[in-house]
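The structures considered in this document are given below.
Common to both upcoming complexes is chain A, partnered first by chain B, then by chain C.
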Partner chain A sequence: MSSLRILVSFKVTPDFEALREKDWLAGAADGSVETRYVRRILNCFDESALEMALRWEDAAAERGETASLGALSVGGRETEPYLKTLLALGYERVARVEPEAALDFAPAVVASLIAGYVRQVDRSDLLLLGCRSGPGDSGTVPFLVAEALGWPCLTRVLEVEPLTDDRVRVACMVDDGLLRVTLRLPCVLAVGNAVVSQLRVPTLTDRLARKNGRIHVLSGAELGVDIAGELRREPCVLVELEAIDRARRGIVIGGATPREKARALFDSHLKSMLEKL
Partner chain B sequence: MPLSREAIVEGLQRIVGPEAVVTDERVLIESSIDNFRKLQNIFDVHTMPVPAAIVMARSTAKVAEILRFADEHRVNVIPRTGATATEGGLESAVADSVIIDGSAMNQILSIDAYNMQATAQCGVPLQVLEDRVRELGLTTGHSPQSKPVAHMGGLVATRSIGQFSTLYGGIEDMVVGLEAVFPGGQVTRIKNVPRRAAGPDIRHVVIGNEGALCFITEVTVKLFPYFPENNAFLGWTLKDMKTGFEALRAVMVSGFKPSVARVYDPGDAGLHFSHFAAEDDCVLLFMAEGPAGIAKATADGIAAVVAGFPDCTPVESAYIETWFNDLCWGPDKITAEDERIRQTHNVNRTTEISADWSSINDIYQAAKARIIVEIPDITMMGGHSSHSYINGTNMYFNYFFNVVGCGPEEETTKYYLPIISIICEETLRRGGSIVHHHGMGKARAPWVKDEYGSSYYILETLKHAFDPNGIMNVGTIIPQ
Partner chain C sequence: MRFAAILDGTSGDAARRAQALAGFLREGLSGDLAGETLVFYHHERDRTRLVELAPTRAVRLIKTTARRPDRLAAILTAVTQGEGVPLFLFPGGAAGTELATRLACRTDGAVLTDALSVEVGPERLLCRKNVYSGHMVGRFALTARPWCVTIDASWNDERARTSLEHDVMSDSDETDETDATPFEDLELVDPPATGDLAESRFLVVAGYGAGSRERVERIAAAAGRMGAAFGVTRPVAMNAWAPMDRLIGVSGTRTSPKLCIVVGASGAPAFYWGIEKAAFIAAIDPDQQAPIVRNADAAVIDDGLAVIEELAQIIAAERGNV
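For the complex of A and B:
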């Protein structure tokens, strides 16, 4: 396979784990949860996608081929440290689209921007992105992008590998197992709970070497998207927030010795589970 | 003639019963190291001698019997409780060592709200004690990042310090009395009194001994009133660490007692504060606590002092409060970090030192500059000061590197120890201490004579006096 253009679309999100429940509930009444005080992290599914693209590039290099990687984020300045990291890791094209307004609950607008970038700027062959992001995300962006581009879309993707010049082999989760399919490019792949979940880290030397790499900043208008107008037509409106009860029942297993405790655990819980297998 | 592994196990089983002696090979292998060689557990590549057994101690009397047995037969013992050590103090440096595990001695013996002190067995997790005393509106004042997983015995043995140390002090300022067992089985109790001038303060023979002199079975610590509703948070961004150290110093020498006083360099700040700090920003932050009047006066006073540094730009306190609320490391974060290392081979290490105000910035700058140049594959080199005193502060070097071109078992020799070596050299050159609060362990033991200078005589004499047969945690504090 010759040089394939891969684009990964990613999102930088507040670290919701660092947000206390009372912070959530404080904004529940009017749907205005304050997240700006929380540190930012890469959306975990997007992080998988970013590393999968790098591994594709590694594998291509081993075969004497090339892959050209690009990264896009619809987000403000908070995305730039991540874009610089991606430059240092070898992503050739990095860009962000200034959102101009809060797009947390506007998947159609986000999808329009990503599709606009793919079509008008990047001309990618393969788009990777996380199947969903943090709370506030509907999980529909990959489908909406694919629809806008007229490309096929697979979701809950676990692995992707090149097959021929215009085909890739994809493994993805389905409700009752693992599906392996061959897909013709171009296509959209929404990455799920992949084994590859951590993005590699560039050295200070890598960063120095790419410190002059350019981050392309675009507006919605440059991509032909009227963000304010689209927002008015956005069908998703946040109505209310409610805390999920995550409390789990716990049992202290008794016994004088570890052996007795292990036996009690097996008899009372594990044995019946094993019998169902 | 040394006992065989089998004879050691049999001897221990006679003392505590077979159920309290762990000989499972997998458990023993994983217990041959601590977090200093954590990559060996993450990648399951082990190089240290496998201990003969782990013996679960359930009473002071049993600890005494175990130590008597070990001393008689010259068996090296490694005391541990929460097993969260980071400097190799829990490594089995010699073959057929025995780990004495005090985690089952986990009873809170008393909470005396009138005399404001609590007594706990060595295996009580600090989080458990803290949660209990908070129900009474009290706090231990001790909050190391390892609070959810560290136990009281280990915290005292390693001379631990917590995030609120600038107000409450280190563990040595909190321990009022304790019980410890020495080689040969000698049980000693140091009574709980507010202060005494009856000769040397013998608590300090035990506090920070790292299992190289005795096994701590029980500790009594001070309690303080807890006023979380009065907590006040302050933060600033600034462009250089020198200014940050100067601002910290100004606050300290002005007589204010914040509970948290920190300055982060840009690299370290980028890990926590990139949502409000620019890439080249340092972050200076404080927390004031206590009764309402004191907390407010402290916060106001700090703000006035820092206002004298025009390069410091204030940030909303909610940024600092939100950061503060997510500071401790529990098992979930440790597991996630292990998985990150497993996939990326990118390792995070820390080394903490202390020095006076005149030297700290020079040490920070010199060590950082050398590490970036001399050590390969560095991905982040930074740090912060997090514990300040009237005469100086600490520097907590925080650094990441990719392990490249070697196995996980070589990570310490290729990367970690050379970095520690640079930090120790630059610190000693300027009169600082090479260990602020992690303990010497075995990792920094090679520098012990340089650290102590002529006072090494006292340390060496203590070791010979209390552990004449050299059975206590061989290689820790004093190298083999």
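For the complex of A and C:
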């Protein structure tokens, strides 16, 4: 296979697990959740996609071929440390689109921006992205992008490998099993629970060698997307947030040692239940 | 107001999806509604069985090519334009998400995935769904029609069976073998067996707090000695400390055991979703502030491996196995 242009679209999100109970309750009262103080992380499915692209490039190099990697994020300055890391890892084209407004629950706008970038700037052959991301967790962005581009799309992708110049072999989970399928390029692949799940770490040498790499910052207008206008036309709007109360009794079992605590748990609760199983 | 439930019988798993739809129509959907089921089928031999599965009395059959979501989307788009059905309901899962999204896109409608409930109003549709990785529920208003909604995977637990007399309103053949497919050389492999998790009455789950692959394996061994099924959280599976088919939670198996012991998992909602139907949850975790402690019926604050191995010994002794 000759040089293939792969673009990975990723999202940097707040680490929701780091938020406290009272933050969620305040979010329900206020209609929005304050997340500015928690650390940012890569959406886990996007992280898989980013590493899968690097492995594709590694494999291409072993065959004496090349792959050209690009990375895109619709996000503010908080994405730039990640974009710099991707430059150091060998991504040639890195860009972010300034969101200009909160797009957390606007998958159609995000998809328009990604599709605009693919069509007008990157001219990619293969778009990889995570199958879903928070806080909206809609899972619709890959299909919305595919519709905008007129490309086929598979979601919950586990593996992808080159087959011929214009075809890839993909393994993905479907509702009734594991599907292996050959797909013509260009296409959109939305990565799911792939075994490849952690992005490699660049060396200091890599970082120094590519420290002058440029992050391309674009506006919606440059991609032909009127973000404010599309937001106003958004046909599915968040109107209210509700907190979820999952609390049970939470009885803490006492004891001085693991053995004592295990015995107390068994005697007070588990014994009677196990007898009925 | 009319709705159409979509049942894709061209791939496997149609019975489970039909049950989920039936449960949702009974308990998740409110409003003044009359509906029909659009049943896609490929083989004649499946026709009767699929009609019997339909969650509404009125059924329309559409014969088409198997595993061609793009074809299904095109057919549904034509149905929408021809008859003006305002609400389409899809089963949860990847296929439902694709169809609902593509249909909304092609008809300038609105899409919402993973609905917990749907309330139909005259001008808009109100849907509730989990957001913020399951930390909250969002209430969404859908305006532009058609409203294309997939139901949450939790409805897949439904065992609602329809005992309806069905009226087959139409049966059309939309098969087009000349239509070029972007998908070639399809090969479907059965998913790894997770029935022991889904059906388990006694379950032990190890989380990332277990600390290492070796310690996860020891927890699995302790579960085995206790006669429990064994599952893990996503970080454990992602670190390859246990096989992916052991995954419990939104992206794995949803369970409903009588007894569930959680070892070293903080209790993130995406995981908790997979055990929330357990009759009794015991948590073992060194951190008393971990969400799993208050979301359990009983908790032991200590090293998970040490306690679970002691428990395994106690249970084995009680059963006279040592």
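We adopt the following convention: the second predicted complex is superposed on the first by the 239 of 277 C-alpha atoms of A that agree within 3 Å, B and C clash if a C-alpha of one lies under 4 Å from a C-alpha of the other, contacts with A are read in each partner's own complex, and residues count from 1 in each chain.
Criterion: contacts are C-beta pairs under 8 Å (C-beta built on N, C-alpha and C of every residue); 3 or more make two chains touch, one makes a residue touch a chain.
This is a predicted model, so every value here is computed, not measured.
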| query | Touching A:A18, do we find chain B (first), chain C (second), both, or neither? | reply | first
| query | If you stack the two complexes on chain A, which partner ends up touching A:R200: first (chain B), second (chain C), both, or neither? | reply | first
| message | For A:R259, using the defined touch cut-off, is the partner it touches chain B, chain C, both, or neither? Pick first, second, both or neither. | response | both
| request: Would you mind checking which one, chain B or chain C, touches more residues on chain A? | output: C
| said: For A:L241, using the defined touch cut-off, is the partner it touches chain B, chain C, both, or neither? Pick first, second, both or neither. | reply: second
| Partner chain(s) touched by A:G192 [first = chain B, second = chain C, both, neither] | second
| task | Please indicate which partner A:G139 is in contact with in the superposed arrangement: first for chain B, second for chain C, both, or neither. | result | second
| chain B and chain C footprints on chain A, overlapping residues | 17, 19, 197-198, 258-259
| note | Residue positions on chain A within touch of chain B in the complex are 14-15, 17-20, 23, 36-40, 78, 81, 196-204, 257-259
| task | Could you pull out which chain C residues touch chain A in their complex? | result | 11-13, 17, 67, 70, 91, 93-95, 97-98, 100-102, 104-106, 108-114, 126, 128-144, 182-191, 201-202, 234, 237-240, 244, 247, 251-252, 258-259, 266, 268-269, 272, 276, 280-282, 288, 291, 293-303, 306-311, 314-315, 318
| field | In the complex, chain B residues that touch chain A | value | 19, 270, 272-275, 279, 316, 318-319, 321-323, 325-326, 339-340, 343-344, 346, 372, 377-381, 400-402
| message | Help me check something: in the complex, which residues belonging to chain A touch chain C? | response | 16-17, 19, 21, 24, 27-28, 33, 44, 105, 134-140, 143-144, 147-148, 152-153, 155-156, 167, 173-184, 187, 192-193, 195, 197-198, 235-244, 246-253, 255, 258-259, 261-263, 265-266, 268-271, 273-274, 276-277
